[in-house]
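Okay, got some structures for you below.
There are two complexes below, and they share subunit A, which is joined by subunit B in the first and by subunit C in the second.
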Partner chain A sequence: MGPLVVNEFISPDTNLFLAFLIGIGFGFVLESSGFSSSRKLAGMFYGYDTTVLKVFFTAAITALVGMLFFSLFGWVDLDLIYINPTFLHSAIVGGVIMGVGFIMGGFCPGTAFCAISIGKLDALAFIGGLFLGIVIFTEGYPLFEELYKAEFIGAPTMNEILDIPRGVFALGLILVAFGMFWVGEWAEKKFPREEY
Partner chain B sequence: MKMRLILASVLIPLGIIIAAVPENTTKAYKLTAEELLVEAQEGAQFMSTDEIADALVQKDPSFRLIDVRAQDEYEKFHLPNAINIPLTDILSDEWADYLDQDVKMNIFYSNGNLKSNEAWMITRQLGFENNYVMQGGLNYWAETIMNPTAPASTSPDDEIAKYDFRKGASMALGGGSAVISNAKASTTVKPKIKKRKKKKKVAGGC
Partner chain C sequence: MNEVKKTKYWNPYIGGIMLGLVLLSANFISGRGLGASGAIKSAVVTTVNTVMPSHAENSAFYSEYNESHPGNPMKSWLVFQVFGVLVGGFLSGTFAKRLKFKVEHSPKISSKRRLIFALLGGALFGFGSQLGRGCTSGSALSGMAVLSLGGFITMACIFGTAFALAYFFRKNWI
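Right, the complex of A and B next:
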């Protein structure tokens, strides 16, 4: 029966409304996990706090297992799920810029808005930079276009690239995730930082 | 620490289950039985032999005739340019691209209406569009196009025009001998190809 909007169970407007509710829930979880603290986010890179890794990978593997079970029960047609297409070069360059901005600013775009919603002023500078980046990119688009569109490889999934069943890949990712959680907690003990 | 154990004890067994079961490849049926009944009763899937003969004579590239009879029957006789998809093979992947598309009009035919209608119902149930059935099948084709009976001389003009068209088509398509009267092939109105509404994927992002 799913995805609901593709199979016309709900209208695009209802879809937007649901997205709005999910967005609020997402923001709530981000805030309550402490993601509005830039020190907590930067802690990921220094190893004293790996909450970011744990929260996001828990979300990823929960959603992964959920979608696969939904598909197994016939509740959702995975072929109709949107997968962001991959432009390899811009993904790499964008990832580097995002990573550097993440360490320097201590926020990712979503958590910056979380932080400003609880009144953190440093997030204002971050959001200002975010808009500046948007303006530079859109105004300078002709300059970046070639890089932006280079190495288009469609929307491959990891299990297709590795040529293994998606269920087996899911199990592998779950095990890797728990391995990383274990390493993360080890790192928290190894590089403790008081009062951040 | 405790949290991680709880999470692990839930997610890892679920992961093992999902790795062990085969992927669900069933496709949801697009029509309910009632909807199919309505369509079948309307008979919108039928195309007349005249329309098809006209398309064949004009070599209309948007038509594709599909013979759903067995292969030996197809080899004995088939309409010009028809391809053979025996009814038993209709679900094989080999033909999926022919049957599920929105470029050409597929016209199923068999000896009568039965097999071609079965083919249409199966493909319709799968949600494919642009599949039609030649009304009356090859038997009716032979009766109307290959060996048309001359109408009485008192028949209305359009009856005679139809006969002349059929005679002409018969000659063009290698049918029985015919003496053509002052023939002008009547142009039948071709049904429009229905553009299939493509299912758009949901766009999304972070």
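Right, the complex of A and C next:
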């Protein structure tokens, strides 16, 4: 049955309309969880507010387990789900640069759109920066092309790399996530901060 | 008063489950995850195509992009999804009475410093998201949910770097 658009249950234009609705859900959840506040997001890196960790990992394991059940029930064909390709070098260098941007700017692109929708002007500056950074990349592309395309290893999944069943890796990830939630709760008690 | 503050935002685990369900529906309906940086790239490419068509034809990135993405770059899944994010965030902020123009920053720094750092951080994030083929939502979160190796690597690099540098930028936040 799923994914609906790949199996032509819905048309590409319907898919775009549903993208808009999915986006509404995405923005609503981000804002309601507090991701429209840069001080709340940055709190993760100082231990005073680990909302990011809790929401991020709960979301990842919810979607992961959901996909496993959908696949088990025959509702979705996992082979048709897009898996982002792995280019080892650019994944690492890009991730490190994004990490610097995160601690300096206090947002990531999705949360910045969420924050600007309720009037945060620092998010507007961040989005201006995003445009600038992307233009620097696209204009300077010949300089970065080699790094961008280096060490392509296909689109492997973690369980394939470790050669274990998908469900076993998922279980391990859930246990790791629960361990991190415990650390997060501990850190918030140890590094308390007044409301902001 | 204390209770009001506590209920200001959703419980993070509830928020996480809801976000997971949104991500799950994106995968079920469209066979793909969520994202944000790709929408800005669409806007950048559209601007260059419109304002400097000859430049778009002659530079490697734009010509490669236009060749592999026929049609209007703004008619893309991520662009529609990001418009939705703006609407969804606005609705949530309206219900919770959080709509307000402001520059949020630590009391230890000025608004100007906050805005400069936000701009610089945004520029780095924008650049990094292109190199890393997606941002926190597109590469890290959506990638993790489908167990992509690249998603896990990018997630670890983003959060690892931010933790490693947190000490040097502490004045901005605490």
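Note that the second predicted complex is superposed on the first by the 196 of 196 C-alpha atoms of A that agree within 3 Å, B and C clash if a C-alpha of one lies under 4 Å from a C-alpha of the other, contacts with A are read in each partner's own complex, and residues count from 1 in each chain.
Going forward, a contact is a pair of C-beta atoms (placed from the backbone, for glycine too) under 8 Å apart; a residue touches a chain by one contact, two chains touch by 3 or more.
All values reported here derive from a predicted model rather than from experimental measurement.
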First (subunit B), second (subunit C), both or neither touched by A:Val5: both
Contacts of A:Ile81 with subunit B and subunit C, given as first, second, both or neither: both
Which superposed partner A:Leu143 touches (first subunit B, second subunit C, both, neither): neither
First, second, both or neither for A:Gly167, with subunit B first and subunit C second: first
First (subunit B), second (subunit C), both or neither touched by A:Leu68: first
Most subunit A residues touched (candidates subunit B, subunit C): C
Touching partner for A:Phe178 - first (subunit B), second (subunit C), both, neither: first
Contacts of A:Leu121 with subunit B and subunit C, given as first, second, both or neither: second
Touching both subunit B and subunit C, residues of subunit A: 3, 5-6, 15, 58, 61-62, 80-84, 109-110, 166, 170, 181
Complex contacts: residues of subunit A adjacent to subunit B: 1, 3, 5-7, 15, 58, 61-62, 65, 68-69, 71-74, 77, 80-84, 109-110, 165-168, 170-171, 174-175, 178, 181-182, 185
Of all residues in subunit B, those that touch subunit A in their complex: 1, 4, 7-8, 11-12, 14-16, 18-21, 23-24, 26-28, 199-206
Interface residues, subunit C side, partner subunit A - complex: 5, 8-10, 12-13, 15-37, 40-41, 43-45, 48, 59-62, 75, 77-78, 80-93, 96, 98-106, 114-166, 169-170, 172-174
